[in-house]
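Pasting the structures in now, so scroll down.
Here chain A shows up in two complexes: once beside chain B, once beside chain C.
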Partner chain A sequence: MTTTTLEDRERRKAWGFVAPALLWTLAFFVVPFVYMAALSLWSRQGRDIVHVWNLDNYLRFFSESALLRGLTNSLEITITVTILSVLLAYPLAWIIAERVPKRLQRMALILAILPFWTSYVVRSYSWLLVLSKGGVINQALMGIGLIAEPLEIASNRTATVIGFVHFFVMLLTLTIYSNLIQLSPNYRRAAADLGANAFQTFWHVILPLTLPGIMTGAFLTFVLCIGDYITPQILGGNNELVLPQIIMLQIGRRADFPMAAALSIILMLTVTAAYVLCARWLRIERA
Partner chain B sequence: MRDIISKSFGWAYLIFIYGFIFLPVAVLVLFSFQDGRLPVPPFNGFSTQWYEAVFADRKLMAALGNSFLVATGSSILACLLGFLAAYALARYKLPGSALQRGLLIAPMTVSYLIIALGLLAVLNAMKIPLSLWTVGIGHVVINLPLCFAIIYASMGDHHINIERAARDLGANDLKVMALVTAPMLMPSILAAFFLSVTFSWDEFIIAFLLSRFDVTLPVEIWSMLRSGLNPKTNAIGSLVFLVSVAVLLVLELALFGRNRKT
Partner chain C sequence: MTRSFEGAAARRFFMSTIALGALAAGQANATEELNALVWCDHTDPALIEPFETANDVKVNLKEYEGTGAGISILEQSQPGDWDVMVIDAVDVHRVIDMGVLGEMPANALPSADLFPELVMNDNNTKDGKTYAITEKFGYNTISYDKTKVDPKDMEDLSVIWSDKYKGRIALYDYYLPMIGLVQLGLGKKTADLSDADMPAIEEKLAAMKAASKQVSDVVSSQTALATGEVDILVGGGEWITASLAKDKPNLDWTVPKQGAVRWAQSIAVMKDSKNPDLALKFVQYILSPEGQARLATSSCYWGMPTNQKAGEHLDGEQKKALRWDDQAGYLKNTQLYPIPSAELDKKMQDAWTNMMQQ
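Presenting the complex of A and B:
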């Protein structure tokens, strides 16, 4: 009899410890999320929200090309960024892991991610200094006489992609490096013993072994990139808006919360679809 | 011969990629000292006038203070809630504990923009005015999963016996937590705290959507961007960068340096 009451008391105590965190998450994450999902099925009329359930916002998304364009722009930019970042980060991670002496590797990594520590907003702004018409690149190219007129490299999709790649190369270098140094050198020795040259070893042994790490990093890049508002807003100009920019337009200028909510749900579904597509390569580590 | 080619190719790649990584930061810092109104070439000469302008800017200094308050306040709360939840879930058998863990981690998988929008919609519907408090609430939402996950992962079973010993000696739960568990887990609690300070300090979209009159530093910098290229933005950006790097170095030496030696 006493054991059960003791157990009850213990359990009540445990609930008391976990309750604050659970309630916080429920109140400020789950409830807002459910409310937003409901909001996406209502509509706006003038300044008021009409509480009639319908799919109008979603139907409008697929019929209005300006809105649909936002999603395709987002996908095109995000996929380009993800692929470019992996292609640039892998050799860097590999050189640091294989060619740089052990005692300098930590230093090389810290250097490779140093600009990570500027403010995110300022980092995008600093690319503006480099890419704008009077910026460093244009001035340098005109200075050595390669071009007569400044190039249009800021305020368009190229600038957005450069800004994103800069950020995600740092992130991916970290994840790929940590993957590479976990590989036992025995794999390479075994491949060499069996007669593989350096390229064959890399292609058939090292690359497949690091694929889960690459895919985890690439998925992280995809998620963070497709949901970002700052970089495209600062660097992308006004021609090719991405989904987060269109969401911000809905709540800013048009005060259309139901439409913004619907677009957010679409953004989330896109991320979920990406997750399902690469789930078999993803290996989210558990401690 | 082939070795020389591959080696020099490696070096060329390193120079290219480090150049790419450092180019914008170098330009940012260099032109924060520009003696002129435009932070682009030509470099007219060395001047600290823009740093003086930053320190003289009341709004910017207020935003700096606000960011500090929100970052430390929300991180302390996130660590406290995360620690209590991790303690309960690691040390007691609770029904549906896998579900509870999933719920606590869930905000990590949703983009900040969506979390901010949901909170904004609810706050609007309940007619709660926006303030630094609402920004803080949002930042606890994004940092709680992180703090919980880090602290929970470090609560290994090998600590249980020490906690049992403390209990046998008459300590109650709160005493065990405060005097035994927390000190043992201090490295990971501190790691969780500083990581969430970093995230909160640099977070833009939640701070932007959930604040009204008092804003945090990234939001204030954002509104400075509307005036276009401006050496003053370079100066505040360089300051943030230098301070973060300094903090990072101190942490590296104080926290992780010690661990490596033992």
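Presenting the complex of A and C:
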């Protein structure tokens, strides 16, 4: 009897701790998500929203190339950004963790993430000025005689990717660095004892052990990048639209909330698919 | 020149911030409040402050861009949330049909002082009742850097889909005036635009995209032209270049021989306004010669006042930038935005989205 009472009390206590988080998730994720899913099954006809459930919005997405192209543009840009960011962030994180003296590492990290301190919008507009015909890059390259005509690096996909990579390298540097400093130096010593050179140690020991950090950062980069509206809007020059821009067009120009909801669900499913792929891959590596 | 432009923008931002702060402090204890759904030109403290001070009222401004966004906000609002609304003149009937606009007494409005072409009874009235009044207008046409292009080329609309300035053109990202411009370039009237015109329009839109560097909103378009990223802005006009006239005298605009599209914005009182008398008073202030001059030279964008008496409150430089003396000719050679049915509107938006994805 006493045991049961204790168990009940413990159970109630546990629910007491969990309940606020559950209620929060229910109120601010589950309910809005269910509403959005239901909304995506209605449709806008003329200037009215018709409350009859159908799959018209989803069918339209797969039948109109301009809409489908939004998703492929998003995926192409996001995958490019994620790969480039990992390739740039890993060496940076490694240098900070392995080559910078311990007492200076905090300062090095602060310097690495310094651009985080400026507004995202301001940073994007700044990039536009830097990359423009008369911007710092073109002026410098022309000044030293490397190019005769300015490079076309503003208001296109290149500019969008540069803007994204600048931001996400900072994020990835943090996640990879935190992983690197947790590695015991004994791994390296053991590898050296077994005759591995520096590259073999990195390739067969360090890299696999830091994969969780890389994958966590890469997944965060993927999620934040594919859902971003501001950078492509400011730096892309509207020469191609990504999915969030198309969602904004449905809301801002057409007041077509059902279509916007359907596109948002598609975006969420894409992120979910990315998560499933990452999670499975990570599990295999850990096995 | 880039520096002076940025400096001017920074100055404007700094002064606006100070002015907004002063405005907020000064009106914090106002006895009444007015909620206005407006375009960005109404958020200039130099325009709003005199009305607030004179009437001991705090005007709460919610800014939006594009009729779709405005209608979205209305659909999500409760009756009484808004007292006043600014809307594209060609879209007034869309809002009248939603049943949210209130009738304004025609004799309380200075319609007789307006440029006759801007009275726009077909747009602002329904069944003999006045629901809105046109407050500002201008042109979606061609803005350019006269030091980098041949101004004579800008007199022909076909330049916007030719290869002569390939990669040096920005397209203003608003499908209605842009498709209207294409229709004019094809030698047709914007008012006659129908489904049958869309294939030819789509073909020209594709050519325009191929010749352009970017498709951009107001800020990005203005920045691109001012920084030399592009030399021509299709869809621009005095609203892009006039406020930069002092810092960037190399920027100019023209109405080509085929004509241009005329934009006009109207202001209306909401049917469920909690303070309809004060709302009407606000409309009267905006339409007064002094209010009109302030609205015309608002920090967000400039445009022609509809009230001809506003000229008394504009100085020579301001009139020159607005091309005050050329208005008679411009009004004759420009046409209103197309007013599409819901179905045609969807086709036009699809055509525009397709163009951007090419």
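Quick note on the criterion: the second predicted complex is superposed on the first by the 250 of 287 C-alpha atoms of A that agree within 3 Å, B and C clash if a C-alpha of one lies under 4 Å from a C-alpha of the other, contacts with A are read in each partner's own complex, and residues count from 1 in each chain.
Convention: a contact is a pair of C-beta atoms (placed from the backbone, for glycine too) under 8 Å apart; a residue touches a chain by one contact, two chains touch by 3 or more.
As the structure is a computational prediction, the values presented were derived from the model and not from experiment.
Once the two complexes are overlaid on the shared chain, A:253 sits against chain C while remaining clear of chain B.
By the touch criterion stated above, A:238 is placed in contact with chain C alone, chain B being left untouched.
Using the contact criterion defined above for the overlaid structures, shared-chain residue A:21 touches chain B, although it does not reach chain C. Set against each other, chain B and chain C differ in how many residues of chain A they touch, and the higher count belongs to B. By the touch criterion stated above, A:129 is placed in contact with chain B and with chain C alike. Contacts of A:66 after superposition on the shared chain: chain C is touched, whereas chain B is not. Once chain A of one complex is fitted onto chain A of the other, the partner contacts of A:29 are limited to chain B, with no touch recorded for chain C. In the superposition on chain A, A:266 makes contact with neither chain B nor chain C. Once the two complexes are overlaid on the shared chain, A:180 sits clear of chain B and of chain C alike.
When the two structures are aligned on the shared chain, A:91 is found in touch with chain B, with no touch to chain C. Note: residues 125, 128-129, 132, 134, 234, 251, 257 of chain A belong to the chain B contact set and to the chain C contact set alike, using the contact criterion stated above. By the touch criterion stated above, chain C contacts chain A in their complex at residues 2, 65-66, 68-69, 71-72, 75, 94, 167, 173, 175, 213-217, 220, 223-224, 227-229, 342-343, 346, 349-350, 353-354, 356-357.
Residues 7, 10, 13-14, 17-18, 20-25, 27-28, 31, 38-42, 81-82, 84-85, 87-89, 91-92, 94, 100, 103-104, 106-107, 110-115, 117-122, 124-125, 137-138, 140-141, 144, 148, 153-154, 173, 202, 204-205, 209, 217-218, 221-222, 225, 229, 233-234, 236-237, 240-241, 244-245, 248, 252 of chain B are the ones that touch chain A when the two sit in their complex. Taken in their complex, chain A has these residues touching chain C: 46-47, 64-67, 69-70, 73, 125, 128-129, 132-134, 152, 154-155, 233-234, 237-241, 246, 249, 251-255, 257. If you check the complex, the residues on chain A that touch chain B are 10-11, 13-18, 20-22, 24-26, 28-33, 35-36, 39, 88, 91-92, 95, 99, 110-112, 114-115, 117-123, 125-130, 132, 134-136, 139-140, 166, 169-170, 223-224, 226-227, 229-230, 234, 244, 247, 251, 257, 260-261, 264, 267-268, 271, 287.
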